[in-house]
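Mind looking over this structure? Questions follow.
Letters A, B and C mark the chains in the order given here, with residues in each chain numbered from 1 onward.
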Amino acid sequence: MTQKTALTPSTHTAPPAAFSHGLRKGNVLQVAGQVGFLPAEEGRPPTPAGPTLREQTLQTLANVKAVLEEGGASWDDVMMLRVYLTDVDHFAEMNEIWNAYFAEHLTQPPACRTTVYVGLPPGLLIEIDALAVLD
Amino acid sequence: MTQKTALTPSTHTAPPAAFSHGLRKGNVLQVAGQVGFLPAEEGRPPTPAGPTLREQTLQTLANVKAVLEEGGASWDDVMMLRVYLTDVDHFAEMNEIWNAYFAEHLTQPPACRTTVYVGLPPGLLIEIDALAVLD
Amino acid sequence: MTQKTALTPSTHTAPPAAFSHGLRKGNVLQVAGQVGFLPAEEGRPPTPAGPTLREQTLQTLANVKAVLEEGGASWDDVMMLRVYLTDVDHFAEMNEIWNAYFAEHLTQPPACRTTVYVGLPPGLLIEIDALAVLD
């Protein structure tokens, strides 16, 4: 039997429902949709890193990375990133932030990506989830 | 060669196009987007369980579960659930229904989840798909 | 160590950011969100196959297929296709095109599918990504 392990970085706020921030089973690691919430602080409700796309994108990427690392993985193991934006006009800026970020975080080919424009809860501009396959 | 097996619960209406409700190949089990249609009845077109979020969410979860079981899996094997809602205002109620449901359907850590708000065909309030990795 | 290989068909335009059109690692093959861009031509910006749903759907499917084949896979290996449309009224026509296409491209059960309605960049009517598991 292969164990299914929940991945819960200490920086993360509790999920708002019965789901895991991350799971690893065998060589598959799944990261739930992450948003730009700051590291959890006792007594403070989930708080976005700021109102801008830049702040939220960088925090969201940091939150995905924390789950990956909790499961013994890195960006290099990621096969797919799904990016949910709320506004088509954010695409170019998100790509700039994305390219600068990954220029410093990869030693292997970058993940695949799908970007679509959806509704998100008020105040949130971006959500990202990830599927990784480890060696 | 690893066999790819279509999973078609007897309760399910035929897909409206050339796709499978579920597939298993090796230890990977994929469930196509399920909605809140009642079990198929000869001569009746696909019919939602009801107009409410509660009725549709519970029926959608039952439909996902039926595909999992057809492939020899259970909720415990699910790594990722993607939830598509049509209205941000449904989030809190969906979470209540979700938490009550999974309190009785899990012995291992819950699946990861991403929830986004999209358009769905008229009358449908929720769609869910699943990726499972078996032991 | 299992190698992670980027899949970049010669027909494809460069991704607009640091992501891969396709990746293969072990027996898992991921295809990034593909749209209906014509095969790349030096000096021409990415150009949709045409304004119609039919043109874009067939080109998008051709683009997904090119990535699959670059990784040694075929439609038969695909477990999941995610279809993003912009208009619920396109569902019936997309299914017609889909059924005719896959009637000639499959020898095994068809992939699972989830179809949702989202925003896409101006001029694009459909986006599709794929997850395949090889033998």
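Criterion: contacts are C-beta pairs under 8 Å (C-beta built on N, C-alpha and C of every residue); 3 or more make two chains touch, one makes a residue touch a chain.
For reference, the UniProt names are A, B, C = RidA family protein.
Computed from a predicted structure; not experimentally measured.
Colleague: Same or different: do the copies chain A (RidA family protein) and chain C (RidA family protein) touch each other through matching residue numbers, with over half of them shared?
Modeller: different
Colleague: Nearest 5 degrees, what's the C-alpha rotation angle taking chain B (RidA family protein) to chain C (RidA family protein)?
Modeller: 120
Colleague: So, what's the distance in Å between the C-alpha centres of chain C (RidA family protein) and chain A (RidA family protein)?
Modeller: 23
Colleague: Pull out every residue in chain A (RidA family protein) that's touching 2 or more other chains.
Modeller: 118, 131
Colleague: In the complex, go through chain B (RidA family protein) and note every residue touching chain C (RidA family protein).
Modeller: 1-2, 4-6, 15-23, 25-26, 28, 30-33, 82, 84, 118-122, 127, 129, 131
Colleague: Using the touch definition from the top, list the residues of chain B (RidA family protein) that touch chain A (RidA family protein) in their complex.
Modeller: 27, 76-77, 79-81, 88, 91, 95, 98-99, 102-103, 106, 108-118, 131, 133, 135
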